[in-house]
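In the two complexes below, chain A is the common chain; its partner is chain B in one and chain C in the other.
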Partner chain A sequence: MSILLRSSEINRLPVVTFAGEDIAQIKDIVYAARGGQVGGFTLNGRGLFAGPLKTALPWEKVVGVGPDAVIIRGEDAFTPVESLLAAVQSGEPAAGDILGSQVLTDDGAALGVVVDVVIEVADGGGAAQADVVGYEIDPAEGVGRGTNRMLIPLPDTLSASGEHLMVPAAAREFVTDDLAGFGAAVDDFRAHLRGGPR
Partner chain B sequence: MLFSQAIGRKVVATDTASTVGRVNGYVVDPQLPGVVALIVSKTSAEGSALPWANIIAFGVDAVTVPTASAVGVPDPDLAELAGKPHTLLGKRVLTTAGVELGTVLDVDFDPTIGRLAALLLEQGPLDATRLLGVGSYAAIVRA
Partner chain C sequence: MQWWLWVIIVVVIIVAVIGAVLAIQARRRTGGVIITDRKKGSGTR
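Up next is the complex of A and B:
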(Lines of atoms letter the chains of each structure in order from A and count residues from 1; the text may use other names and numbers.)
(Lines give C-alpha, C1' and ligand atoms only; values in the text may rest on other atoms or scores of the structure.)
Protein backbone atom coordinates (compact mmCIF):
# COMPACT_ATOMS: atom_id res chain seq x y z
CA MET A 1 0.00 0.00 0.00
CA SER A 2 1.13 3.52 -0.62
CA ILE A 3 -0.04 6.91 0.50
CA LEU A 4 -0.40 10.22 -1.30
CA LEU A 5 0.80 13.40 0.33
CA ARG A 6 0.86 17.01 -0.79
CA SER A 7 4.26 18.65 -0.65
CA SER A 8 2.77 21.40 1.52
CA GLU A 9 1.86 18.72 4.07
CA ILE A 10 5.40 17.35 4.12
CA ASN A 11 6.99 20.76 4.61
CA ARG A 12 7.42 21.49 8.31
CA LEU A 13 6.96 17.86 9.37
CA PRO A 14 9.27 16.94 12.25
CA VAL A 15 12.19 14.63 11.54
CA VAL A 16 12.17 12.02 14.32
CA THR A 17 14.82 9.39 15.10
CA PHE A 18 14.23 5.84 16.32
CA ALA A 19 15.23 7.17 19.74
CA GLY A 20 12.16 9.41 19.66
CA GLU A 21 13.96 12.73 19.37
CA ASP A 22 12.75 15.40 16.95
CA ILE A 23 16.09 16.64 15.70
CA ALA A 24 14.98 18.74 12.74
CA GLN A 25 12.04 19.62 10.60
CA ILE A 26 11.53 19.55 6.85
CA LYS A 27 12.30 22.86 5.19
CA ASP A 28 11.88 21.94 1.58
CA ILE A 29 11.75 18.96 -0.74
CA VAL A 30 14.66 18.40 -3.10
CA TYR A 31 13.55 16.72 -6.31
CA ALA A 32 15.62 14.30 -8.35
CA ALA A 33 15.17 12.50 -11.66
CA ARG A 34 14.01 15.60 -13.56
CA GLY A 35 11.46 16.49 -10.91
CA GLY A 36 9.84 13.08 -11.02
CA GLN A 37 11.10 11.80 -7.68
CA VAL A 38 11.94 13.02 -4.22
CA GLY A 39 15.72 13.10 -3.80
CA GLY A 40 15.80 14.34 -0.25
CA PHE A 41 14.95 17.18 2.07
CA THR A 42 16.56 20.35 3.28
CA LEU A 43 16.11 20.96 6.99
CA ASN A 44 15.33 23.59 9.54
CA GLY A 45 16.14 23.30 13.22
CA ARG A 46 13.29 22.64 15.64
CA GLY A 47 11.82 25.44 17.67
CA LEU A 48 10.52 28.89 17.10
CA PHE A 49 13.79 30.68 16.37
CA ALA A 50 15.77 27.88 14.77
CA GLY A 51 17.10 28.65 11.32
CA PRO A 52 18.01 26.42 8.39
CA LEU A 53 20.52 23.65 9.03
CA LYS A 54 23.69 23.10 7.02
CA THR A 55 22.80 19.43 6.76
CA ALA A 56 20.22 17.74 4.56
CA LEU A 57 18.45 14.40 4.53
CA PRO A 58 18.91 12.17 1.46
CA TRP A 59 15.89 10.06 0.54
CA GLU A 60 17.78 6.75 0.91
CA LYS A 61 18.14 7.40 4.64
CA VAL A 62 14.44 7.98 5.23
CA VAL A 63 12.71 5.08 6.97
CA GLY A 64 9.19 6.40 6.61
CA VAL A 65 7.21 9.47 5.63
CA GLY A 66 3.68 9.85 6.88
CA PRO A 67 1.17 12.55 7.60
CA ASP A 68 2.69 13.19 11.05
CA ALA A 69 6.45 12.77 10.78
CA VAL A 70 9.50 11.82 8.77
CA ILE A 71 11.27 8.93 10.51
CA ILE A 72 15.02 8.24 10.33
CA ARG A 73 17.28 5.84 12.25
CA GLY A 74 19.59 8.41 13.74
CA GLU A 75 21.30 11.71 13.23
CA ASP A 76 24.00 10.04 11.09
CA ALA A 77 21.43 10.00 8.27
CA PHE A 78 22.22 13.65 7.57
CA THR A 79 24.67 14.79 4.93
CA PRO A 80 25.88 18.29 4.06
CA VAL A 81 23.39 20.21 1.90
CA GLU A 82 25.95 20.59 -0.90
CA SER A 83 26.49 16.86 -1.30
CA LEU A 84 22.76 16.17 -1.51
CA LEU A 85 22.28 18.88 -4.10
CA ALA A 86 25.26 17.59 -6.08
CA ALA A 87 23.89 14.03 -5.94
CA VAL A 88 20.53 14.99 -7.42
CA GLN A 89 21.87 17.72 -9.68
CA SER A 90 20.39 17.36 -13.13
CA GLY A 91 20.19 20.89 -14.46
CA GLU A 92 16.43 20.83 -14.04
CA PRO A 93 14.46 23.44 -12.16
CA ALA A 94 14.23 22.87 -8.44
CA ALA A 95 11.05 22.26 -6.50
CA GLY A 96 10.25 25.86 -5.77
CA ASP A 97 10.42 26.64 -9.46
CA ILE A 98 7.63 24.23 -10.32
CA LEU A 99 5.22 25.92 -7.94
CA GLY A 100 3.63 28.80 -9.78
CA SER A 101 4.40 27.38 -13.23
CA GLN A 102 1.71 27.49 -15.84
CA VAL A 103 0.47 24.05 -16.87
CA LEU A 104 0.28 23.80 -20.67
CA THR A 105 -0.92 20.83 -22.63
CA ASP A 106 1.03 19.84 -25.71
CA ASP A 107 -1.88 21.07 -27.84
CA GLY A 108 -1.40 24.52 -26.37
CA ALA A 109 -4.16 24.89 -23.79
CA ALA A 110 -3.39 26.37 -20.38
CA LEU A 111 -4.91 24.29 -17.60
CA GLY A 112 -3.89 26.51 -14.71
CA VAL A 113 -1.10 27.25 -12.27
CA VAL A 114 0.70 24.70 -10.09
CA VAL A 115 -0.01 25.33 -6.40
CA ASP A 116 1.05 22.03 -4.88
CA VAL A 117 2.90 18.82 -5.67
CA VAL A 118 1.37 15.40 -5.00
CA ILE A 119 3.85 12.78 -3.86
CA GLU A 120 3.25 9.06 -3.62
CA VAL A 121 5.21 7.30 -0.89
CA ALA A 122 5.39 3.54 -1.25
CA ASP A 123 4.84 1.75 2.04
CA GLY A 124 7.65 -0.05 3.77
CA GLY A 125 10.21 2.70 3.73
CA GLY A 126 13.92 2.14 3.28
CA ALA A 127 14.22 1.16 -0.35
CA ALA A 128 10.80 2.64 -1.05
CA GLN A 129 10.55 5.40 -3.59
CA ALA A 130 8.76 8.68 -3.39
CA ASP A 131 7.41 9.57 -6.80
CA VAL A 132 5.92 12.83 -7.89
CA VAL A 133 2.61 11.61 -9.29
CA GLY A 134 0.78 14.82 -9.94
CA TYR A 135 0.16 18.46 -9.29
CA GLU A 136 -2.59 20.38 -7.65
CA ILE A 137 -3.46 23.29 -9.86
CA ASP A 138 -5.47 26.44 -9.64
CA PRO A 139 -7.54 26.07 -12.81
CA ALA A 140 -7.45 28.65 -15.59
CA GLU A 141 -10.75 30.29 -16.52
CA GLY A 142 -10.95 28.55 -19.86
CA VAL A 143 -11.04 25.11 -18.29
CA GLY A 144 -14.57 25.72 -17.05
CA ARG A 145 -14.15 24.12 -13.65
CA GLY A 146 -14.81 27.21 -11.57
CA THR A 147 -12.25 28.04 -8.90
CA ASN A 148 -12.04 24.63 -7.26
CA ARG A 149 -8.51 23.38 -7.26
CA MET A 150 -7.98 20.25 -9.24
CA LEU A 151 -5.46 17.46 -9.29
CA ILE A 152 -3.74 16.48 -12.48
CA PRO A 153 -1.82 13.22 -12.80
CA LEU A 154 1.57 13.09 -14.41
CA PRO A 155 3.41 10.53 -16.45
CA ASP A 156 6.70 9.22 -15.07
CA THR A 157 8.65 11.89 -16.90
CA LEU A 158 7.71 15.40 -17.87
CA SER A 159 9.30 18.55 -19.09
CA ALA A 160 9.40 21.66 -17.00
CA SER A 161 11.10 24.97 -17.61
CA GLY A 162 10.30 26.86 -14.44
CA GLU A 163 7.90 28.91 -16.54
CA HIS A 164 5.76 26.21 -18.08
CA LEU A 165 5.03 22.63 -17.27
CA MET A 166 4.20 20.62 -20.35
CA VAL A 167 1.72 17.79 -20.01
CA PRO A 168 0.18 15.54 -22.65
CA ALA A 169 -3.27 16.73 -23.76
CA ALA A 170 -4.62 13.40 -22.54
CA ALA A 171 -3.85 14.43 -18.96
CA ARG A 172 -6.97 16.59 -19.06
CA GLU A 173 -9.20 13.53 -19.05
CA PHE A 174 -7.73 12.26 -15.82
CA VAL A 175 -8.18 15.36 -13.71
CA THR A 176 -9.79 14.69 -10.32
CA ASP A 177 -10.90 16.91 -7.47
CA ASP A 178 -9.94 14.91 -4.43
CA LEU A 179 -6.81 13.15 -3.26
CA ALA A 180 -8.76 10.04 -2.26
CA GLY A 181 -9.47 8.94 -5.81
CA PHE A 182 -6.26 10.32 -7.21
CA GLY A 183 -4.12 7.21 -6.90
CA ALA A 184 -6.40 5.32 -9.29
CA ALA A 185 -6.40 8.26 -11.72
CA VAL A 186 -2.59 8.24 -11.79
CA ASP A 187 -2.47 4.51 -12.49
CA ASP A 188 -5.12 4.81 -15.21
CA PHE A 189 -3.32 7.70 -16.84
CA ARG A 190 0.04 5.98 -16.90
CA ALA A 191 -1.50 2.83 -18.30
CA HIS A 192 -3.18 4.95 -20.97
CA LEU A 193 0.12 6.56 -21.97
CA ARG A 194 1.72 3.15 -22.32
CA GLY A 195 -1.07 2.24 -24.69
CA GLY A 196 -2.87 0.03 -22.24
CA PRO A 197 -6.55 0.00 -21.41
CA ARG A 198 -8.08 2.80 -19.35
CA MET B 1 -0.16 -5.21 35.75
CA LEU B 2 -0.62 -1.59 34.70
CA PHE B 3 1.81 1.18 35.59
CA SER B 4 -1.06 3.13 37.11
CA GLN B 5 -2.12 0.25 39.37
CA ALA B 6 1.22 -0.01 41.14
CA ILE B 7 1.83 3.70 41.69
CA GLY B 8 1.81 4.44 45.42
CA ARG B 9 2.54 0.82 46.37
CA LYS B 10 4.75 0.45 49.46
CA VAL B 11 8.40 -0.53 49.14
CA VAL B 12 9.33 -2.58 52.22
CA ALA B 13 12.77 -3.75 53.41
CA THR B 14 12.64 -7.37 54.59
CA ASP B 15 15.55 -7.02 57.08
CA THR B 16 13.91 -4.33 59.19
CA ALA B 17 10.28 -4.78 58.05
CA SER B 18 10.07 -1.03 57.63
CA THR B 19 8.68 0.96 54.72
CA VAL B 20 11.43 2.42 52.56
CA GLY B 21 9.14 4.52 50.40
CA ARG B 22 6.43 4.32 47.79
CA VAL B 23 6.51 3.55 44.06
CA ASN B 24 6.35 6.84 42.22
CA GLY B 25 7.54 6.03 38.73
CA TYR B 26 9.13 3.62 36.32
CA VAL B 27 12.38 3.69 34.38
CA VAL B 28 11.98 1.90 31.07
CA ASP B 29 14.69 0.67 28.72
CA PRO B 30 12.97 0.64 25.31
CA GLN B 31 15.63 -1.75 23.95
CA LEU B 32 14.37 -4.65 26.10
CA PRO B 33 11.63 -3.36 26.38
CA GLY B 34 11.27 -3.56 30.13
CA VAL B 35 11.28 -1.79 33.45
CA VAL B 36 14.89 -1.48 34.64
CA ALA B 37 14.20 0.47 37.84
CA LEU B 38 11.49 2.01 39.98
CA ILE B 39 11.49 5.57 41.20
CA VAL B 40 10.69 5.57 44.91
CA SER B 41 9.35 8.60 46.71
CA LYS B 42 9.29 9.44 50.42
CA THR B 43 12.61 7.76 51.06
CA SER B 44 14.61 8.70 54.12
CA ALA B 45 17.97 8.05 52.48
CA GLU B 46 19.58 9.85 49.59
CA GLY B 47 18.56 8.82 46.08
CA SER B 48 15.30 7.45 44.81
CA ALA B 49 16.22 4.82 42.22
CA LEU B 50 15.47 1.17 42.88
CA PRO B 51 17.15 -0.98 40.19
CA TRP B 52 14.99 -3.93 39.16
CA ALA B 53 17.78 -6.38 40.14
CA ASN B 54 17.49 -5.24 43.79
CA ILE B 55 13.83 -6.18 44.05
CA ILE B 56 12.94 -9.44 45.81
CA ALA B 57 9.34 -9.44 44.69
CA PHE B 58 6.84 -7.10 43.07
CA GLY B 59 3.88 -8.21 45.15
CA VAL B 60 0.24 -7.28 44.95
CA ASP B 61 0.43 -5.20 48.13
CA ALA B 62 4.08 -4.28 48.43
CA VAL B 63 7.40 -4.30 46.66
CA THR B 64 9.96 -6.07 48.82
CA VAL B 65 13.67 -5.30 48.91
CA PRO B 66 16.40 -6.91 51.07
CA THR B 67 17.52 -3.71 52.80
CA ALA B 68 16.77 -0.01 52.68
CA SER B 69 20.07 0.53 50.87
CA ALA B 70 18.60 -1.17 47.79
CA VAL B 71 17.24 2.26 46.98
CA GLY B 72 19.95 4.72 46.11
CA VAL B 73 21.44 7.18 43.70
CA PRO B 74 21.14 5.88 40.12
CA ASP B 75 24.27 5.12 38.11
CA PRO B 76 24.82 7.36 35.04
CA ASP B 77 23.17 4.95 32.56
CA LEU B 78 20.12 4.61 34.74
CA ALA B 79 19.97 8.34 35.39
CA GLU B 80 19.96 8.91 31.63
CA LEU B 81 17.02 6.55 31.12
CA ALA B 82 15.23 8.03 34.12
CA GLY B 83 15.39 11.49 32.58
CA LYS B 84 12.16 13.22 31.76
CA PRO B 85 12.53 12.90 27.95
CA HIS B 86 12.32 9.11 28.24
CA THR B 87 9.05 8.98 30.18
CA LEU B 88 6.53 6.78 28.38
CA LEU B 89 3.28 7.96 29.93
CA GLY B 90 1.63 10.77 28.03
CA LYS B 91 4.03 10.47 25.11
CA ARG B 92 2.80 10.58 21.53
CA VAL B 93 3.31 7.35 19.58
CA LEU B 94 4.68 7.47 16.03
CA THR B 95 5.16 4.51 13.71
CA THR B 96 8.22 4.18 11.50
CA ALA B 97 5.87 5.00 8.61
CA GLY B 98 5.43 8.48 10.09
CA VAL B 99 1.87 8.01 11.34
CA GLU B 100 0.82 9.17 14.80
CA LEU B 101 -1.21 6.49 16.60
CA GLY B 102 -2.08 8.43 19.74
CA THR B 103 -0.60 8.90 23.21
CA VAL B 104 0.52 6.37 25.81
CA LEU B 105 -2.19 6.37 28.49
CA ASP B 106 -0.84 3.43 30.47
CA VAL B 107 1.62 0.57 30.18
CA ASP B 108 0.96 -3.11 30.86
CA PHE B 109 3.97 -4.99 32.28
CA ASP B 110 4.85 -8.35 33.77
CA PRO B 111 5.63 -7.71 37.48
CA THR B 112 7.69 -10.91 37.81
CA ILE B 113 10.37 -9.94 35.30
CA GLY B 114 9.58 -6.31 34.50
CA ARG B 115 9.09 -6.99 30.81
CA LEU B 116 6.66 -4.63 29.06
CA ALA B 117 3.66 -6.37 27.51
CA ALA B 118 1.66 -3.61 25.89
CA LEU B 119 1.34 0.14 25.51
CA LEU B 120 -2.23 1.27 26.07
CA LEU B 121 -3.39 3.97 23.68
CA GLU B 122 -6.77 5.62 23.20
CA GLN B 123 -7.57 3.16 20.44
CA GLY B 124 -6.42 0.06 22.34
CA PRO B 125 -3.32 -1.91 23.29
CA LEU B 126 -0.17 -1.98 21.19
CA ASP B 127 2.34 -4.84 21.41
CA ALA B 128 5.32 -3.54 23.40
CA THR B 129 7.81 -5.53 21.32
CA ARG B 130 7.18 -3.03 18.53
CA LEU B 131 8.77 -0.31 20.65
CA LEU B 132 12.02 1.05 19.22
CA GLY B 133 12.77 4.09 21.31
CA VAL B 134 11.39 6.76 23.59
CA GLY B 135 12.60 10.31 23.27
CA SER B 136 11.57 13.85 24.05
CA TYR B 137 9.28 14.06 21.03
CA ALA B 138 7.73 10.62 20.71
CA ALA B 139 7.82 6.90 21.33
CA ILE B 140 8.69 5.17 18.05
CA VAL B 141 7.10 1.82 17.20
CA ARG B 142 7.58 -0.45 14.21
CA ALA B 143 4.92 0.12 11.56
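Up next is the complex of A and C:
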Protein backbone atom coordinates (compact mmCIF):
# COMPACT_ATOMS: atom_id res chain seq x y z
CA MET A 1 0.00 0.00 0.00
CA SER A 2 1.36 3.42 -0.91
CA ILE A 3 0.19 7.01 -1.16
CA LEU A 4 0.95 9.71 -3.69
CA LEU A 5 1.85 13.21 -2.51
CA ARG A 6 2.82 16.39 -4.30
CA SER A 7 6.09 17.93 -3.12
CA SER A 8 4.16 21.15 -2.37
CA GLU A 9 2.17 19.20 0.25
CA ILE A 10 5.41 18.30 2.06
CA ASN A 11 7.27 21.60 1.71
CA ARG A 12 6.77 23.80 4.79
CA LEU A 13 5.46 20.96 6.97
CA PRO A 14 6.71 21.24 10.56
CA VAL A 15 9.16 18.62 11.81
CA VAL A 16 7.92 17.32 15.16
CA THR A 17 9.60 14.95 17.62
CA PHE A 18 7.94 12.18 19.61
CA ALA A 19 8.23 14.55 22.58
CA GLY A 20 5.95 16.97 20.76
CA GLU A 21 8.63 19.59 20.06
CA ASP A 22 8.24 21.51 16.82
CA ILE A 23 11.91 21.93 15.91
CA ALA A 24 12.14 22.73 12.17
CA GLN A 25 10.26 23.13 8.93
CA ILE A 26 10.76 21.23 5.66
CA LYS A 27 12.48 23.39 3.03
CA ASP A 28 13.63 21.24 0.10
CA ILE A 29 13.06 17.64 -0.88
CA VAL A 30 16.31 15.99 -2.00
CA TYR A 31 16.20 13.03 -4.37
CA ALA A 32 18.66 11.06 -6.45
CA ALA A 33 18.88 11.60 -10.19
CA ARG A 34 19.54 7.89 -10.63
CA GLY A 35 16.46 5.98 -9.53
CA GLY A 36 14.40 8.86 -8.13
CA GLN A 37 14.68 7.75 -4.50
CA VAL A 38 14.03 10.50 -1.94
CA GLY A 39 17.12 10.86 0.25
CA GLY A 40 15.79 13.41 2.74
CA PHE A 41 14.93 17.02 3.36
CA THR A 42 16.73 20.30 3.93
CA LEU A 43 15.26 22.39 6.72
CA ASN A 44 14.27 25.91 7.75
CA GLY A 45 14.34 27.06 11.35
CA ARG A 46 11.07 27.80 13.11
CA GLY A 47 9.74 31.34 13.12
CA LEU A 48 9.46 34.05 10.50
CA PHE A 49 13.00 35.34 10.91
CA ALA A 50 14.76 31.97 11.05
CA GLY A 51 16.66 31.09 7.88
CA PRO A 52 17.71 27.77 6.37
CA LEU A 53 19.43 25.36 8.78
CA LYS A 54 22.84 23.78 8.16
CA THR A 55 21.39 20.44 9.16
CA ALA A 56 19.16 18.15 7.09
CA LEU A 57 16.82 15.26 7.76
CA PRO A 58 17.69 11.93 6.10
CA TRP A 59 14.66 9.94 4.91
CA GLU A 60 15.63 6.87 6.97
CA LYS A 61 15.22 8.95 10.16
CA VAL A 62 11.62 9.91 9.31
CA VAL A 63 9.08 7.98 11.36
CA GLY A 64 6.00 9.26 9.54
CA VAL A 65 4.81 11.78 6.95
CA GLY A 66 1.26 13.04 7.36
CA PRO A 67 -0.81 15.91 6.01
CA ASP A 68 0.15 18.17 8.92
CA ALA A 69 3.64 17.17 10.09
CA VAL A 70 6.77 15.10 9.55
CA ILE A 71 7.47 13.00 12.63
CA ILE A 72 10.96 12.05 13.89
CA ARG A 73 12.19 10.41 17.10
CA GLY A 74 14.40 13.29 18.28
CA GLU A 75 16.75 16.07 17.25
CA ASP A 76 19.60 13.56 16.89
CA ALA A 77 17.98 12.52 13.59
CA PHE A 78 19.53 15.54 11.88
CA THR A 79 22.73 15.40 9.84
CA PRO A 80 24.79 18.11 8.08
CA VAL A 81 23.36 19.13 4.69
CA GLU A 82 26.65 18.18 2.96
CA SER A 83 26.40 14.65 4.39
CA LEU A 84 22.87 14.24 3.06
CA LEU A 85 23.81 15.44 -0.43
CA ALA A 86 26.91 13.21 -0.45
CA ALA A 87 24.82 10.20 0.59
CA VAL A 88 22.26 10.75 -2.17
CA GLN A 89 24.75 11.54 -4.95
CA SER A 90 26.08 8.77 -7.10
CA GLY A 91 28.22 10.77 -9.49
CA GLU A 92 29.52 14.32 -9.70
CA PRO A 93 28.95 16.42 -6.56
CA ALA A 94 26.29 18.84 -7.83
CA ALA A 95 22.62 19.48 -7.24
CA GLY A 96 19.91 21.76 -8.58
CA ASP A 97 16.26 22.67 -8.09
CA ILE A 98 14.07 21.10 -10.78
CA LEU A 99 11.03 23.33 -10.25
CA GLY A 100 10.90 25.59 -13.30
CA SER A 101 12.94 23.20 -15.48
CA GLN A 102 11.78 22.28 -18.97
CA VAL A 103 10.69 18.71 -19.70
CA LEU A 104 11.66 17.27 -23.09
CA THR A 105 10.77 13.92 -24.63
CA ASP A 106 13.54 11.77 -26.08
CA ASP A 107 12.21 12.61 -29.57
CA GLY A 108 12.86 16.31 -28.93
CA ALA A 109 9.39 17.67 -28.10
CA ALA A 110 8.96 20.16 -25.25
CA LEU A 111 6.17 19.08 -22.89
CA GLY A 112 6.26 22.03 -20.50
CA VAL A 113 7.75 23.32 -17.27
CA VAL A 114 7.85 21.47 -13.95
CA VAL A 115 5.67 23.12 -11.29
CA ASP A 116 5.46 20.23 -8.83
CA VAL A 117 6.76 16.70 -8.26
CA VAL A 118 4.73 13.60 -7.38
CA ILE A 119 6.21 11.39 -4.67
CA GLU A 120 5.09 7.85 -3.87
CA VAL A 121 5.46 7.04 -0.19
CA ALA A 122 5.13 3.39 0.72
CA ASP A 123 2.82 3.04 3.73
CA GLY A 124 4.83 2.74 6.92
CA GLY A 125 6.65 6.06 6.83
CA GLY A 126 10.38 5.94 7.49
CA ALA A 127 10.61 2.19 7.43
CA ALA A 128 9.62 2.29 3.78
CA GLN A 129 10.85 4.09 0.71
CA ALA A 130 9.79 7.28 -1.05
CA ASP A 131 10.33 7.71 -4.78
CA VAL A 132 9.71 10.47 -7.29
CA VAL A 133 7.26 8.91 -9.78
CA GLY A 134 6.07 11.89 -11.81
CA TYR A 135 6.14 15.58 -12.62
CA GLU A 136 3.25 18.04 -12.63
CA ILE A 137 3.88 20.41 -15.51
CA ASP A 138 2.51 23.56 -17.06
CA PRO A 139 2.09 22.32 -20.65
CA ALA A 140 3.93 23.90 -23.55
CA GLU A 141 1.84 25.42 -26.35
CA GLY A 142 2.64 22.57 -28.73
CA VAL A 143 1.09 19.98 -26.42
CA GLY A 144 -2.40 21.26 -27.19
CA ARG A 145 -3.81 21.11 -23.65
CA GLY A 146 -4.30 24.81 -23.10
CA THR A 147 -3.25 25.92 -19.63
CA ASN A 148 -4.49 22.81 -17.79
CA ARG A 149 -1.66 21.33 -15.74
CA MET A 150 -0.92 17.66 -16.36
CA LEU A 151 0.78 14.83 -14.49
CA ILE A 152 3.39 12.90 -16.43
CA PRO A 153 4.73 9.53 -15.20
CA LEU A 154 8.45 8.79 -14.99
CA PRO A 155 10.28 5.55 -15.70
CA ASP A 156 11.55 3.56 -12.70
CA THR A 157 15.10 3.97 -14.03
CA LEU A 158 14.91 7.75 -13.92
CA SER A 159 17.83 9.72 -15.31
CA ALA A 160 17.53 13.49 -14.95
CA SER A 161 20.97 15.02 -15.20
CA GLY A 162 21.67 18.05 -17.37
CA GLU A 163 19.90 21.28 -18.19
CA HIS A 164 16.58 19.68 -19.20
CA LEU A 165 14.58 16.81 -17.77
CA MET A 166 14.24 14.00 -20.31
CA VAL A 167 11.32 11.57 -20.43
CA PRO A 168 10.49 8.83 -22.96
CA ALA A 169 8.14 10.01 -25.72
CA ALA A 170 5.68 7.25 -24.72
CA ALA A 171 5.01 9.13 -21.45
CA ARG A 172 2.62 11.41 -23.39
CA GLU A 173 0.16 8.51 -23.74
CA PHE A 174 -0.04 8.07 -19.95
CA VAL A 175 -0.65 11.67 -18.90
CA THR A 176 -3.41 12.27 -16.32
CA ASP A 177 -5.09 15.38 -14.92
CA ASP A 178 -5.22 14.47 -11.23
CA LEU A 179 -3.62 12.21 -8.64
CA ALA A 180 -6.64 9.88 -8.45
CA GLY A 181 -5.67 7.79 -11.46
CA PHE A 182 -2.00 8.66 -11.55
CA GLY A 183 -0.74 5.61 -9.63
CA ALA A 184 -2.27 3.30 -12.23
CA ALA A 185 -0.86 5.47 -15.04
CA VAL A 186 2.66 5.14 -13.57
CA ASP A 187 2.30 1.34 -13.33
CA ASP A 188 0.93 1.10 -16.89
CA PHE A 189 3.69 3.35 -18.25
CA ARG A 190 6.44 1.33 -16.59
CA ALA A 191 4.89 -1.94 -17.78
CA HIS A 192 4.76 -0.45 -21.28
CA LEU A 193 8.47 0.43 -21.11
CA ARG A 194 9.27 -3.12 -20.04
CA GLY A 195 7.43 -4.35 -23.13
CA GLY A 196 4.18 -5.33 -21.44
CA PRO A 197 0.63 -4.48 -22.55
CA ARG A 198 -0.82 -1.04 -21.88
CA MET B 1 10.73 71.52 6.21
CA GLN B 2 7.61 70.92 8.26
CA TRP B 3 7.95 68.43 11.17
CA TRP B 4 5.13 66.23 9.86
CA LEU B 5 6.99 65.82 6.57
CA TRP B 6 9.89 64.31 8.50
CA VAL B 7 7.49 61.96 10.23
CA ILE B 8 6.11 60.80 6.86
CA ILE B 9 9.63 60.24 5.46
CA VAL B 10 10.67 58.21 8.51
CA VAL B 11 7.50 56.10 8.39
CA VAL B 12 7.98 55.42 4.65
CA ILE B 13 11.61 54.38 5.25
CA ILE B 14 10.63 52.06 8.11
CA VAL B 15 7.86 50.43 6.03
CA ALA B 16 10.25 49.97 3.08
CA VAL B 17 12.93 48.38 5.28
CA ILE B 18 10.42 46.01 6.92
CA GLY B 19 9.02 45.06 3.49
CA ALA B 20 12.49 44.38 2.11
CA VAL B 21 13.46 42.24 5.11
CA LEU B 22 10.25 40.19 4.84
CA ALA B 23 10.74 39.72 1.08
CA ILE B 24 14.35 38.55 1.52
CA GLN B 25 13.33 36.23 4.33
CA ALA B 26 10.48 34.74 2.27
CA ARG B 27 12.92 34.08 -0.58
CA ARG B 28 15.45 32.45 1.76
CA ARG B 29 12.77 30.14 3.14
CA THR B 30 11.27 29.17 -0.22
CA GLY B 31 11.40 25.41 -0.69
CA GLY B 32 12.04 23.34 -3.79
CA VAL B 33 12.86 19.89 -5.07
CA ILE B 34 16.59 19.27 -5.31
CA ILE B 35 17.86 16.62 -7.65
CA THR B 36 21.42 15.46 -7.13
CA ASP B 37 24.04 14.68 -9.77
CA ARG B 38 22.92 17.70 -11.72
CA LYS B 39 24.93 20.56 -13.24
CA LYS B 40 25.12 23.53 -10.89
CA GLY B 41 22.93 26.42 -11.98
CA SER B 42 20.43 24.25 -13.78
CA GLY B 43 16.81 25.10 -13.10
CA THR B 44 15.53 28.62 -13.02
CA ARG B 45 15.82 29.30 -9.31
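Keep this in mind: the second predicted complex is superposed on the first by the 187 of 198 C-alpha atoms of A that agree within 3 Å, B and C clash if a C-alpha of one lies under 4 Å from a C-alpha of the other, contacts with A are read in each partner's own complex, and residues count from 1 in each chain.
Following the convention adopted for this analysis, a contact is a pair of C-beta atoms (placed from the backbone, for glycine too) under 8 Å apart; a residue touches a chain by one contact, two chains touch by 3 or more.
A quick note: this is a predicted structure, and the numbers were derived from the prediction, not measured.
In the overlay built on the shared chain, the residue A:Asp28 is in contact with chain C alone; chain B does not reach it. Of the two partner chains placed around the shared chain by superposition, chain C is the only one that A:Val117 touches, whereas chain B remains out of contact. Of the two partner chains placed by the overlay, only chain B lies in contact with A:Thr17; chain C stays clear of it. Contacts of A:Glu82 after superposition on the shared chain: neither chain B nor chain C is touched. Residue contacts after overlaying the shared chain place A:Gly51 against chain C, while chain B stays out of touching range. When the two complexes are overlaid on their common chain A, residue A:Glu141 makes contact with neither chain B nor chain C. Touched residues of chain A were counted for both chain B and chain C, and C has more of them.
Of the two partner chains placed by the overlay, only chain C lies in contact with A:Ser101; chain B stays clear of it.
No residue of chain A lies at the contact with chain B in one complex and also at the contact with chain C in the other.
Interface residues of chain A facing chain C in the complex, by the touch rule stated above, are 7, 11-12, 25-34, 39, 42, 44, 48-49, 51-52, 85, 88-92, 94-101, 117, 132, 160-163.
Partner chain B is touched in their complex by these residues of chain A: 13-14, 16-22, 63-71, 123, 125.
Across the complex, chain B meets chain A through its residues 30, 85, 91, 94-100, 132-140, 143. Those residues of chain C lying in contact with chain A across their complex are 22, 25, 28-29, 31-45.
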